[in-house]
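Structures are listed in the sections that come next.
After this come two complexes, each holding subunit A, first together with subunit B and then together with subunit C.
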Partner chain A sequence: MRYDTVICGAGLAGITAALVSLSHGKSTAVVARGESSLYYMSGYLDLCGNGDNPWNAIDDLAHANPAHPFALSDAKEKSEALAFFVEQTSPGYPYAIPVDSRNHLVPTCTGGIRHTYLLPANAGADGLADRGRRVRAIGFTDYRDYSAQLMVDRLNKKGYSWTAAEVESGCSKVSQTSIDLASYLDDDYPALIDKLRPVVKDCDCLVFPAVLGFKKHRVIVEAIRDAFGTAVFEVPTLPPSLPGMRLSSALISRLRGLGGDLFWGFPATADNSAGDRCTGLIVDTPGRPRLIEGENYILATGGIAGGGALVERERIRERVFGLPVETYGTTDERFLFGEQGFARSGIRVDSDMRPIGPDGKIIYKNLFCAGRALAGYDPFTEYDGAGVAIVTGYQAALAAIRRWD
Partner chain B sequence: MIEEVDVVVIGGGATGAGTLWDLALRGIDAVLIEQHEPGYGTSGRNHGCLHSGGRYLVKDPELALECYRENQILRQVAGAAIEDTGGLFAHIKSDEQDYVRRWVDNAHRIGLPVEEVSATEARNMEPILSSEVDRVFTVPDAAVDPFDLIYMNLQGAVQKGARFMTETRVKELLIRDGRVQGVLAEDIRTKEVHEFRCRAVINAAGPWVGIIASLAGISLELTYGKGSLLVHATRLAQRQINRLRSPSDGDVLMPGKTVCLFGTTDIHIDNPDDTVTWADEVKSLIEMERPIFPDLPEMRVLRTVTGVRPLYTPGAAGTAERDANRGHAVINHGARDGVGGFFTIMGGKLTTYRLMAEQVVDEVARELGVTVACKTAETPLAGLSIGNARNFLETKAICECEQVTEDDLLTAAIFLDKVRSGGIRRMTRLGLGPCQGTLCIWRGALYLYRKGLLTDQECLTFIEESLDERWKGNRGVLWGDQIRQAELERGIYRGIYGSEGD
Partner chain C sequence: MLPVNGIEHCLKCSICHAACPVARANPNYPGPKILGPDRGRFMMNKSGKTVPEVEWCTNCQRCEVACPHGVETASLIRALKQEALHEKKHYWRDLLMGYPHILGQLGTAFSPIANFMLGSPIGRSMTAQMMALAPDSSLPAYAGRSFQSWHRGQGHTASSNKVVYFVGCFANYNRPEIGQALVALLKLLDIDVIVPKQVCCGVPLLSNGFRDRALKLMSYNVQNLLPYVKQGYSIICSCPSCGLALKKEYGRELGTSEAARVGAAVYDSSEYLDIYGQALEEHLSAQSWRLTYHQPCHSLAQGIGTPSLSLLRKIPGVQVSFVDGCCGQSGTYGLKEEKSGVSRQIGRQLIEAITDQKPDLVATDCGTCSLQLSRLSDLPVEHPLVLLEKAARGAAAGLGDRYRPAV
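Then we have the complex of A and B:
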């Protein structure tokens, strides 16, 4: 099998790259071992920084750290990438670019406050923008991974005046996960609306844990809106993350709709590459490894969390091509709020997104890299996870197409 | 606030908890004060071997006999904390041959039942053993869960009217006319000060005994050795396995519930709070596994544990660590330093905690004029209702991999005087499973919040402290699944904390 573009990894970076490639009329295949970080992530798509203006934050970061992946593109390219991405989400799980290009202020399930750039349009009603809004947070007595009261307690100490209520979900599983609840609601959401009637009063907005269905999400949100005449907002829960899964599924449908091929469920390794070119990916399908060849290859395997980088006792190994990995050793004794050096390890690339070695030389002429696999940034302290994945995925695909043309 | 009590026990390790139980059984009114949570110190950072004495047969037969006797007693009175794993001593061809003969001779001399099994049979029993092993003996070693043991002692004591306080640090000893009159202790969070008026103080502060003694102007000759252990994610041996040679680093593999522990190192340190596991310690432990358990280095390491041994070396400062006295010491500071009513109990083993408690309480009782004899060797301790498989089927699970239930959390929260991450973790094992607590720490905290046992702020603090504590054990072993789990966890919790910690 032969394609114009072969992409390894089906996360935000890999799929964005695939969609760019397809939209330029290139035949495209994506090979992925499995779920991406979307399975875990909130569905709040960050661009940069936990402040009001992400664009200033980008400038500051790229200035302070010229090796940051954001230093490889200018604001115009970034805007184009984000606009392209948002357009791709619109048929399945639409996101919207903020009208003023500023970050939204959004709540977390602990009653924390954070900024983010792209919010799901269906159930992302404005976040915390309006302090005066009468918000009622709904929880489920039988869903132990979420407490509306905890969120409300804490937000109200920060100047909000939300209220909380709990109803029984009706899902009969003993220990429910977000997925159990979402699939229950897919089938039985009218029952939920009946249960909500007694507790919904005096409010402009209903806030739910992000479990309002998977397949029927849009229908469920509209039904709630219609029943109560309120806005609806979903707060991310602990994983599995329904917003992330909905987005992943929407992007994959889009990919297939545009004629892309997805080989899902199998790890890939590089074929014996000939000199300075990659010659193929071997997809490890049980019993019958399959060779997939491409003109250009994009590595988007997602680093340590995504599984593309394997940390061994003495080194970090890039699993597919065996690329050199830039590593940073030191860790901080504060787990969450310290700087963890390993987070910045990854693949170093040139301005065309091609992996380079410690000597600065390009490793393969037709290999590009995007997303969390890249070196030089930490999405968890910089709040730029989705931003880097989308922007670099976009860039890598365009660079590959330029080479091809 | 001023309270009156007969005896204040400083330190909630096995020794302190056992002392409180012993005092309670003799009808002496006592309170135990612990600076963090019971099991915070060395008692919560060791192998958990209920030694048969085999390890000390050649070097210190007296200690070996002491261990054997206590081993037999504890099986009777603290059975719920003990798993009768049995133990093996395995000799490797290249280790000293003559040592085996001396070891067997001494076992016969003190009456320790050892029995030789063939190397082949031993490898059938424990496939993790190397084929370099040539001679193997069974011994009556067992596994003891130090947390269960400590909390069982506290539970028993509390039922007899004793009290304990957690997260309260002794800051001052009140001394007048050459006698201890009381202690001042401070809540480590609120800084609230409690004053206790008492007739005697027992210093059972483990590696910190020197600091407590210095509060009375007394100096103890102490050196500190830290020992680190690797915790492997699965139970790779069913019995305690000891390397049959002169006691040295990296001799013991110990199964404990769902994991197994290999260790230890022994490194001189200057500060008893230095429990960071160094990267080269981890490296050397892995190398030490190889000769006797050749497959072990490739097995997943969940975390490291580092404990500190205080070594009392009166008049012998600078002796090589492992040769220093491994037995225990009871010090009556009235006789030794002219500070009456003040006693230190230190050193020894987890295995000998009961005996240590008995000996120090004997001294204290004499001073207080109490004539009731020690009853801890005959009085069984009730088990904890926590971690009981029956409960697991009946109530909701908080953590599947460590089988922690909602009931367990509730029981622990009600038993402890303060609901904090440390006490809950050590009492229930919340957050200690192979998932490293990624979801169950959150779930547990939220459950306690919903029950009104934590406020909203305490709930977040609970989570953050649990993660930081776990990170401490992880930092030294960041490879493979561990680091991937850590990255996912950072992503999840940074996301839900928002700007809280920035």
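Then we have the complex of A and C:
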């Protein structure tokens, strides 16, 4: 089987690219080494900046830094990409575009406040908008990774008047993680509702750590909402992250549903035997390596945390194709929370998302690149990680399709 | 043995824990992160303490597949099982069930008696008592004649294209129809099938901690398969667990170049047929089945994608949907009295996903998955090979035979 599009990486960028390719009727395979970094991301998908208006932040960044991945698309393309992405999430774990295209204000589990753009339906998009809202934050006595009281104390210093309460989850596991709790609630959520009865009072909104089920999330949220007549939303926890897992699982079901093939669990390297064209991915599967061939290839293996880039003593190496990595800064940055050189390191691409060398020449005619593997941006200070992944994943797939047509 | 299998790459991100079906179903199971890399670090220090909870691991290997950093959690856990071997509560039961080829020879030779013991209410309750099995477990019936015995009676075609078939105990002793379907499909492609001497692949022993005994079966199979591999033949497995073992576990556990060489020649049956997908497609007649395909964990762990799904989609008129998840049966795990509840609990979500699709029929490659799916969903379950062969035969004849327990 020779695919129209072969994508390496199953994170936000890779799956977005795969879904674009499939929705254009192209046969598509995704090769992934394992679960993506969505598993430890919050499920809040930032577009750009930690302020009210992400679109201004994008303009500022692209203006100040023409090498920024956002400089490769205009606002219309970005909006199309986000709309496409949101549409793909709707059958499994629906996200929504903010009505006024402004960032939402959301709480963190330690009582911080931050801005973000795309939110899952049950993440309380309006949770912080009204300071007078009577919000009750529920924690679990037997879940040590989250303290409702800590979150409420810190939020209340910022002018809110939330209250906190704790109940026992009922899950008998000692030292439970978010996954253990979510799996327990998937089966036994009615017991939780009974436990909540005494503590739910004087409130019109209930806030939980993001453990309200994995497979049955929607059912659980609706059951709590119906039982108490309040709004219900979740705050992301420490990893593993249920919102991230639900998103990943929804996107992958979508991919399967559209007929995409998934080669899961093993690392790939490129077969570069034909000069300026990539001819296949060699996947290191049990027994013998497996060759996955396609017309076009999209690299979306992520950065250092996602496993796409390997930091060695003298350099940063791109693992699959051995592409040249544009490297910024050194490792002896003085300020831990300032801008880090490594964050902006990555693959440089042309306007068609094709990787280019230091000389500006295209490396493979049929290779495109998207997401955290790209050079020129720092999601940790710019709050644009998810935005870049979705927009460039969309662009890379369209560029590959254009080339194919 | 001091397994270090990628421990240093573990970030403690808990992705393996999230992927573990047992950790979700059993609150007493610490999960792959704790038993694998965390515990593995202690093993390097030879703390000498064994972990009894380790026997809850089903060896589905979903943790290893999910790990984005290549940590070999499942093999770390198997090493712990080996250490805890002599603390097993049901040592003899687990040992006996580790030899399905011997049970299978007896079972097919004396199939009326065996099937009475496995299928009738009295016989089943006696077997369950004696073997510490769950009273409601559905035990596979034995065929009156093994696949190997049937195949010996078949003539060979004149074709110079030949493959070697590693039958596996389920297809050999319980459902010879699976092997017969493979032979028929390969015949359409003008490929002749050789069935060399073979014993159980060793997975049941290995998954239950009897590593040393498993190695003996593995060596025997390598010895018998190697001459064919040296002549350039491919080896086909219709059972995903046999396939994964031959491809991966043989090389790793035996550590010989012969085992690696055999492993490199192994194909899952659908992986192999998919290569001839176009040629096969011409033989397939239209069917009106509404199928749900369940990919067994050990097929997923081979990294072959979903070739059974693409083959089934080639049958004209057939609707195939895909469900993701572990059924919880894991070979003999779901039959055992103390584990049956957890096994059922694991399978429940998958069964819900399947019944949501409202299929006429479920397709899965693994024999013991089919036992569990049929028991819990009450739907007919078939091996994709059997369905493909039916479509090729032009048999408009209804759905697959309902997979039934004995009698």
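Keep this in mind: the second predicted complex is superposed on the first by the 393 of 405 C-alpha atoms of A that agree within 3 Å, B and C clash if a C-alpha of one lies under 4 Å from a C-alpha of the other, contacts with A are read in each partner's own complex, and residues count from 1 in each chain.
We adopt the following convention: a contact is a pair of C-beta atoms (placed from the backbone, for glycine too) under 8 Å apart; a residue touches a chain by one contact, two chains touch by 3 or more.
Quantities reported herein were computed from a predicted structural model and do not represent experimental measurements.
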{"item": "Side-by-side fit of subunit B and subunit C on subunit A, or clash", "value": "fit"}
{"item": "Contacts of A:Phe266 with subunit B and subunit C, given as first, second, both or neither", "value": "second"}
{"item": "Geometry of the superposed three-chain model: angle at subunit A (Cα centres of subunit B and subunit C, steps of 10 degrees)", "value": "90"}
{"item": "Partner chain(s) touched by A:Ser23 [first = subunit B, second = subunit C, both, neither]", "value": "neither"}
{"item": "Touching partner for A:Asp186 - first (subunit B), second (subunit C), both, neither", "value": "second"}
{"item": "Which superposed partner A:Asn65 touches (first subunit B, second subunit C, both, neither)", "value": "neither"}
{"item": "Which of subunit B and subunit C A:Tyr40 touches, first, second, both or neither", "value": "both"}
{"item": "Partner chain(s) touched by A:Gly112 [first = subunit B, second = subunit C, both, neither]", "value": "first"}
{"item": "Partner chain in contact with A:Ala343 - subunit B first, subunit C second, else both or neither", "value": "first"}
{"item": "Partner chain in contact with A:Ile304 - subunit B first, subunit C second, else both or neither", "value": "first"}
{"item": "Which of subunit B and subunit C A:Pro239 touches, first, second, both or neither", "value": "both"}
{"item": "Smallest separation in angstrom, by C-alpha atoms, between subunit B and subunit C in the superposition", "value": "6"}
{"item": "Touching both subunit C and subunit B, counted on subunit A across the two superposed complexes", "value": "37, 40, 239, 307"}
{"item": "List of subunit B residues in touch with subunit A within their complex", "value": "276, 283, 286, 396-397, 439, 442-443, 446-447, 449-450, 456-457, 459-460, 464, 467-468, 470-472, 475, 478-480, 483-484, 486-488, 490-502"}
{"item": "Subunit C-facing residues of subunit A, complex", "value": "1, 29, 33-37, 39-40, 171-173, 177, 179-180, 183-184, 186-187, 215, 239-240, 245, 252-253, 256-257, 261-267, 283, 285-288, 290, 306-307"}
{"item": "Complex interface listing, subunit A residues touching subunit B", "value": "37, 40-42, 44, 50, 107-115, 144-147, 149-150, 153-154, 157, 174-175, 236, 238-239, 303-305, 307, 310-313, 331, 333-337, 340, 342-343, 379-381, 385"}
{"item": "Subunit C - residues contacting subunit A, complex", "value": "13-15, 17-19, 23-25, 27-28, 64-70, 244, 246-248, 251, 263-266, 274, 277, 300-306, 310, 322, 324, 345, 349"}
